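A, B, C, D and E label the chains in the order they appear, each numbered from 1.
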Amino acid sequence: MTVTQSLFYFLAFVAIFSSLLVVLAKNPIHSVLYLILTFFTLTGEYILLNAQFVGIVNIIVYAGAIMVLFLFVIMLLNLNVQTEPQKTNLIKFIGIITGGIGLVVLTGSLKASDPSNLVVIQNVDMGLVKNLGKVLFKDFLLPFEIVSILFLSAMVGAVLLARKETK
Amino acid sequence: MTEQLAWLIPVLPLIGFLINGLGYKKNPKGLVGLVGCASVLGSFILSILVFFDIKANGAKTIDLYEWISVGTLKIPFSFLIDQLTSIMLLIITGVGFLIHVYSTGYMHDDEGYGKYFAYLNLFVFFMLLLVLGSNYVIMFIGWEGVGLCSYLLIGFWFKKTEYANAAKKAFVMNRIGDLGFLIGIFMLFSTFGSISYADIFPQAQAIGTPVLTAITLLLFVGAMGKSAQLPLYTWLPDAMAGPTPVSALIHAATMVTAGIYMIARSNVLYVLSPISMAVVAGIGLATAIFAAVIALTQNDIKKVLAYSTVSQLGYMFLGLGVGAFTGAFFHVMTHAFFKALLFLGAGSVIHAMGGEQDMRQMGGLKKHLPITWFTMLMGTLAIAGIPPFSGFFSKDEILAHAFEVSPTIWVIGVLGALLTAFYMFRMFFLTFNGKFRGTEAQHHHLHESPVSMTFPLIVLAILSVVGGFVGVPEAIAHLFGGHGESHLLNEFLSPVFSQSTTILNAAHHGHLSHETEYALMGASVLGVLISIFYAYTVYVRKETVPAAETARRVGLEKASYNKFYIDEIYNAVFTRPLDNLSQLFYRILDKSIIDGIVNGFGQLTQWSADKFRRIQNGYIGSYMFMMVVGIILILVFNFLF
Amino acid sequence: MINYITVLLVLFPLLGSVIVAFTRGEQVKKIALGFSLIELAMAVFAWTKFDYTNPDSQFIYNQPWIESLGIHFKVGMDGISFLLVLLTTVLVPLIILSSFRKEFRKPHALYALVLFMQTGLIGVFTSLDAFLFYVAWEAALIPIYFISAIWGGEDRIRVTFKFFVYTMFGSLFMLIGIIYLFIQTPGHSFDINQFYQVALDKGTQSWLFWCFFLAFAIKMPVFPFHTWQPDTYTTAPTVGTMLLSGIMLKMGIYGVIRWLLPVLPLGLMQWGQTALILSIIGVVYASIIAFTQKDIKRLIAYSSIAHVGLISAGIFALNVQGMQGAMIQMISHGINVVGLFFVIEIIFDRTKARESYLLGGIAAKAPILAATFLIILLGAVALPLTNGFVGEFLLLNSIYEYGVWYAIVAGLTIIFGAVYMLRMYGTVMFGKEGMASSTFADVIGTEKLVLFVICAMVIFFGFKPQYLLHISEASVNNLLEIIKLKMQ
Amino acid sequence: MTSIIIIAITAIVVLYLGLYKVKGALLPVSVLGLLGAEASLVCGWDKNISYFNEMLVFNNYAIAFSILLIATTILIFLMSGNYFEKISSNVAEYYTILLFALTGGITMVSFQNMTMLFIGIEILSVSMYIMAGIKKNDTSSNEAALKYFLMGSFATGILLFGIALIYGATGSFNLTEIAGKASEQPFLFYTGVIFMLIAMTFKVGAAPFHFWTPDVYQGAPTLVTSYMSTVVKTAGFAAFLRLFGSAFSSVPPIWTVTIAAMVVITLLIGNITAAFQQNVKRMLAYSSISHAGYMLIAILLLGQASPNAILIYSVAYSIASVASFGVIVAVKEHKGSDDLSAFNGLGRTNPVLAFVMTVALCSLGGIPLTAGFFGKFYIFGVAIAANYTWLIAIAVLMAAVGIYYYFKVIIAMYLRDSESGESIQLNGSYQFVLIFCVLVTILLGIAPSLITNIL
Amino acid sequence: MENITNAITLVPLNHYILLSSIIFFIGIIGVITRRNAIVVFMSIELMLNAVNLLLTAFSAYRGDAAGQVFVFFIMAVAAAEVAVGLAIIVMIYRNNNSIDIDLLNKLKN
């Protein structure tokens, strides 16, 4: 087993473990923290995949910005273990079983496909900013622009909704 | 000439109907009576002309217009006037005219005078159509039409519920027969490709016996209904609810003989089917005896006559069944005379009694109603079969033919004749002899009827007496030194029956000898005389009065008095079960099951809506859960199968 | 001019409907009557120009409507259509006239709907395009639903709604059938001639048969699809009941003749007998139920099921007597049933009762009503020389040709019909005065007129059925030939 | 493309107008902008222009649906009147968001690249999450927003997983390229297709992924609901069809059974549950599920006729929905309730409103001579041509159920009596919209050729 | 760096797919087992990240940058969604004093 492989399996294990904890943790703040941990492990995987820029953005945007937002809100709403509502164990159990079945079915169906490993990475620099930037601003310029509409809309909406109504 | 005027024969009464019917409120009574009688008289005169024309020139077909023409089914509105028809025409218009005249007196005080004459005219119209039609469908028109008029006239005094019910019963019973008739017509059409007599009869011999048997039996079902034979006779006694002249005309002289006319008309078909002949004879004989037994114990003067009519009709069918077509027809004719006479006489009695019909309330009317008494006596003698009154000849001819077929039938037939004589004289004696048993008021009211009523009585009495001479049997004619052509009627009608006579003769062995005939006649006359004497002993000598309604009766008497409970049986076997079935169908099958299924769809929708609704329980968690289940199911389905 | 007569006949009542809808006041009735009379005049005019010997449709008006789908506004009349157009144009004025003495709320809406319905009805009878047929079919349903539901009696909302959904349900299946056939047509068209040319295998025709038959059977109605009918007839206002029973149910029968038999002969071979048996069961079944109905309107409703069953059985017997019998019986039944319902309306109007045990002795007080009622009733029980006889005779004959036992069972109708009709007549008109009928005025004015016209037709067509039989003869023969040819 | 730009600019302009409190100008400017967008779309007819490396392709299909989306939006805007003002003072923002949502919709109908599909869906969805919750103090509205948001995001996750798998299988996001390489990695591809199918059926509200629809439709402000049930649904279907018609049409349709089952369930649940509803708005929500079921038939039986069928159905359905929701808004405003009983006697007190509602419901129910009839007609035609007899049988049964519940409202309006006899006053543009919808519905019912030959 | 990139082929693509599937379904399990709106939302974020991983893996194995670009879009959209979603949650908290999704079931049937 090479270093890469061990790294992959280690990260994968941590990722699965921490994401399970996201779901299982009773305290929402813990969930957030585990989620951030998951993001970090995923960043590791990205780097393993030679997608360095994605990995970095993942940390900056996800762990840095989005998750902080989550934390803020949780703090703001003063959520903690005591206030955390719990589903009955039965539902949890059923939920996990269902999810498990789904996973088995999905992996089963994907296994059958057996995508080959033969593809060799042609471009080592593919995951770098320069390369991605080219693609983003050449091929994907339009979505890039259009996303701004989404942001604008979301921004206006978020302000609209979160603001206390004066009327 | 016949061609130009014959169509007027039915149309004149129709015009009378229209005048009286449309103006039933405004027309003065005089005009109503005049129109009513004159239209029928006109038809009568035309019928006489037609009669002589036919006598001279033979049968005629008169096409009026194409009534229905669909594919190969062509039903022309056309008339066939042959010997049979012309005799019927004479009977219908002649007796009809007399009864119209009689009615002007009898119904004079009735508020529905105009309506009455309208109906009566309409009846004559349909009856004429029945006998004039050149095909079975036109006959069927008349057939049902007279049924309608019978309905209208029986229910003439419709305010009484039981009268209205009697009318309905008559119509429905007739319709049962009509269904048979109708199916018979269909069968005729599919067999012969036509419904015209002229097309059917010549072909008849080429058709297989089973088919003909089916056809003739079906037609006979129709005849059973119309001519009140077992088992469809019960309407006729009830039909006495109508005004008495109606009973005389429709329920004695004309309409009820339509069945005989139909079979006589279809004689060719019948003689080709021995089974049918046997059935006709059997039913006729059974009816004759059965009705006679019932008549023995009836106390209502019209009921006695009604059952007697049923019985006499049975004789006619017996005649048809044994092949005595002329005899049967002869009896139709004489019966028309004497039975009309008897009914009108009874009407006269009832008129005098102020509407009373129960013979137990009568008695000793001889001195109050001499003309009625005398004419009734003639009629009674005629029906009893005393020579030389008309009934003797016609009945004798039927019995003689019956003897040819089987002596047993003859014995039973004579037995019926004895019963007839007994109940008729019972009626006669109870009415006219002895002391008056009615109330004082009725006693004061007693009077002889007006001329308009007695005149028809007299005419009919004469006919009852002499009517038989048109059909004097060869044996008797021989006795008086006559020759072969003494039986005028037979001779006149022979073209109609020639084909069947040939067939019958081919099958039959020789004729009765004159000696046998004398013996038979003698035996029956003797029996009748004894029977009359017995009636005389009981009701005149001993002055027995029939027991009151409430009296205890036993055995056959009880059964006879209660008409063998046939009405009750029909009620229990048909009417009530059908009504129950109706309710069952309506409440259970229609409302609960079929509609229940229809509504069930609605309820199923509602029910499943309620279930579906519960899935939408408002919980995001459960929605998500179900979505995931959906996803998994889809994945499982797509990749594991 | 004459070539536009069909389209005029279809659209003229629509114009009337619009005008009436925007009129207020007393004259509404008269305007509506006027329109229907002009319509009648047009129909009579067409009659004078009608060529009896031509089996094909005449006065065809053909205008592309939705070209991409091969839908045309194609109307025309052959003998079969024309008879029913005549029936419609004759009955609608009578129906309007019959309501003259009655006060309705919002009369303009009522009469507008009646005229609108006439458009739908004539549209159904004259369409030569399956799509147009379907549209007209639905267009006739909606006004009658509203007529019944708005001006109806007790429990009207539930009852009429059931009727509406039930019939709609059936017609949706027909829509499926029509679309299927449309796809199968060689030229992708809804034209009737194209439909006649579609040749499908037996299996397909079998289910298509049910698609169509379901719609038609519900409309007629044929047992066991009839349960909406008694309730609806009873509940609907008499104007509505007359329209429903007098004309609308003929839509179903006409549909069978025009769209079912010639298009799906193999399906017919497969299922025709079933349909015939169902029809005959309906005859007996409805008759028996009618025996003990106390509500006379309901009784007539059941009798109508019996009559229609006979007509439908005659059609499925597939012979010329049956077809012609069905044609003339449709006319007769239309006339008679309208008359009967009108009489019931008159009685109800005066006594506020329809239960036979509350009525009685009316004949003594209202002799004209009694006489006209009797004449119409005799027509209904098929007494010879009334219009009802001709049809019933031919129909029974055709069923006889199909099978003796069928005819015997179906023939029970002439007995049963007499039983329930006369029983009803007896209890209502004869006997002692009923609780509700102690005071009763005879018919007057427009009532008299309507009754006389109906009686006149009852008797006239009894004497001269050939006037009507003539009209459809050539077309019926032609139709049967087509069917026979395609069946081989 | 120009239309997207015009609308986006209009949205920003409106936003600024709101900032400067020029409330009177909001509606005219928006409508003007939308009309301009319409014009620009019409200009692009038959030109088949593709933008930015085939990110968007404005073929006739896209243009037709875009026009429909914009037209529907215009109608809804014209009805809004002072509807939003009653909710809050931030009217301009609402217009802005709706306009943005519209750009998302147009993107969805014209996408040629999965990216655009994803972003279009998100723009539309996110905007609608917001709009569902604009009645901030109304718990129903809150609940609707949250339900919509959570389930919507969940569906987005599914969608993305599907896109990812398809990308894995084909190495491209472009529809044409996907179609070309679809068979390289069939299992990966099919799994992706199934995931996308699930996500798309969620967006159009078909069972078993319909759960959000009734609750959100009911909880959201009625005008927003009308937007959801028309623009969102139409865009969803157009995208759905575009995706399956162009990207996935090259492989054998393994999804047939799945979609068929969905159609059946959708029809059953939509129609039958609707039959039970006493609230008209909720009933229409369920009915919109059932319409999704009908439209799905066209996707199930992908073929030449499908785009046309979907377009006609959408047009009919959108117009009828706008009209019916318009009436509901008016009734709710006046009577304070949109239960069935609130409609009692409307035929007498407000004949015009009742007539509009009647025509709209008839169209939704598929009564002939209304546009909705042709919608069903074409859909059934597609299914019949493919010999899906059993499916048609169910569809027809359910159409009958549909007629049943639509007519329940009509019955309430015409046959039942109301307590209050006052009539509802409507402003001019409102009336215009209602009348316009009725006229178009009837016009298309009589002359469907106007739209049947477009595609 | 070079090492790592070269070593990439040593981990089969299937393992990446499996990993992201596991995370994806863990997200799904979270969605259906939690009642706290924010945690549910976080579970959804988990799902999105699984997709990101999948896309990146495919992108790397295919040597096609588009997949990674798509990941950016997902992140961007996720950010927008988070903004709106949290705003909605805050709004609800303000009205209900709770963000328990199972308490929100006024709209049903």
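One rule holds for everything that comes next: contacts are C-beta pairs under 8 Å (C-beta built on N, C-alpha and C of every residue); 3 or more make two chains touch, one makes a residue touch a chain.
Please read all numbers here as calculations on a predicted model, not as lab measurements.
Steps from chain C to chain E, taking the shortest chain of touch contacts, total 2.
Contacts with chain B and chain E are shared by A, D. Taking the CA centroid of chain B as reference, the farthest chain centroid is that of A.
The interface with the greater number of C-beta contacts, when A-E is set against A-B, is A-E.
In this assembly, the C-alpha centroid of chain D lies 27 Å from the C-alpha centroid of chain E. Centres computed as Cα averages put chain A at a distance of 31 Å from chain D. If you average the CA atoms of chain C and of chain D, the two centres end up 43 Å from each other. One simple way to say how far apart two chains are is to compare their mean CA positions; for chain B and chain D this gives 78 Å. Shared interface positions of chain C, defined as residues touching 2 or more other chains, are absent. Multi-chain contact residues of chain A (touching two or more other chains): 87, 91, 95, 98-99, 102, 106, 109-110, 112, 114-115, 139-140, 143, 147, 150, 153-154, 157-158, 160-161. Chain contacts: chain B has residues 602, 613, 616, 618, 620-621, 624-625, 628-629, 631, 635, 638-639 touching two or more partner chains.
Pairwise, the chains that make contact are A-B, A-D, A-E, B-C, B-D, B-E, C-D, D-E. Listed in rising order, the residues of chain A touching chain B in the complex are 87, 91, 94-95, 98-99, 101-102, 105-106, 108-109, 112.
If you check the complex, the residues on chain D that touch chain E are 114-115, 118-119, 122, 126, 129-130, 133, 136-137, 139-140, 142-147, 149-150, 153-154, 156-157, 160-161, 163-165, 167-168, 171-173, 214-216, 218-219, 276-277, 282.
Listing the residues of chain D that touch chain B in their complex gives 146-147, 150-151, 154, 158, 187, 190-191, 194, 197-198, 202, 208-209, 211-212, 214-215, 254-255, 257-258, 268-269, 272-276, 401, 404. By the touch criterion stated above, chain A contacts chain E in their complex at residues 2-5, 8, 12, 15-16, 19-20, 22-23, 28, 31-32, 35, 38-39, 42, 45-51, 53-54, 57-58, 61-62, 65-66, 69-70, 73-74, 76-77, 79, 83-87, 91-92, 95-96, 98-100, 102-103, 106-107, 110-111, 114-117, 119-124, 126-127, 131-132, 134-136, 139-140, 143, 147, 150-151, 153-155, 157-162, 164. Every residue of chain E that touches chain A in the complex is listed here, in rising order: 2-5, 7-19, 21-30, 32-36, 38-39, 41-43, 45-46, 49, 52-53, 56-57, 59-66, 68-69, 71-73, 75-84, 86-91, 93-94, 98-100, 102-103.
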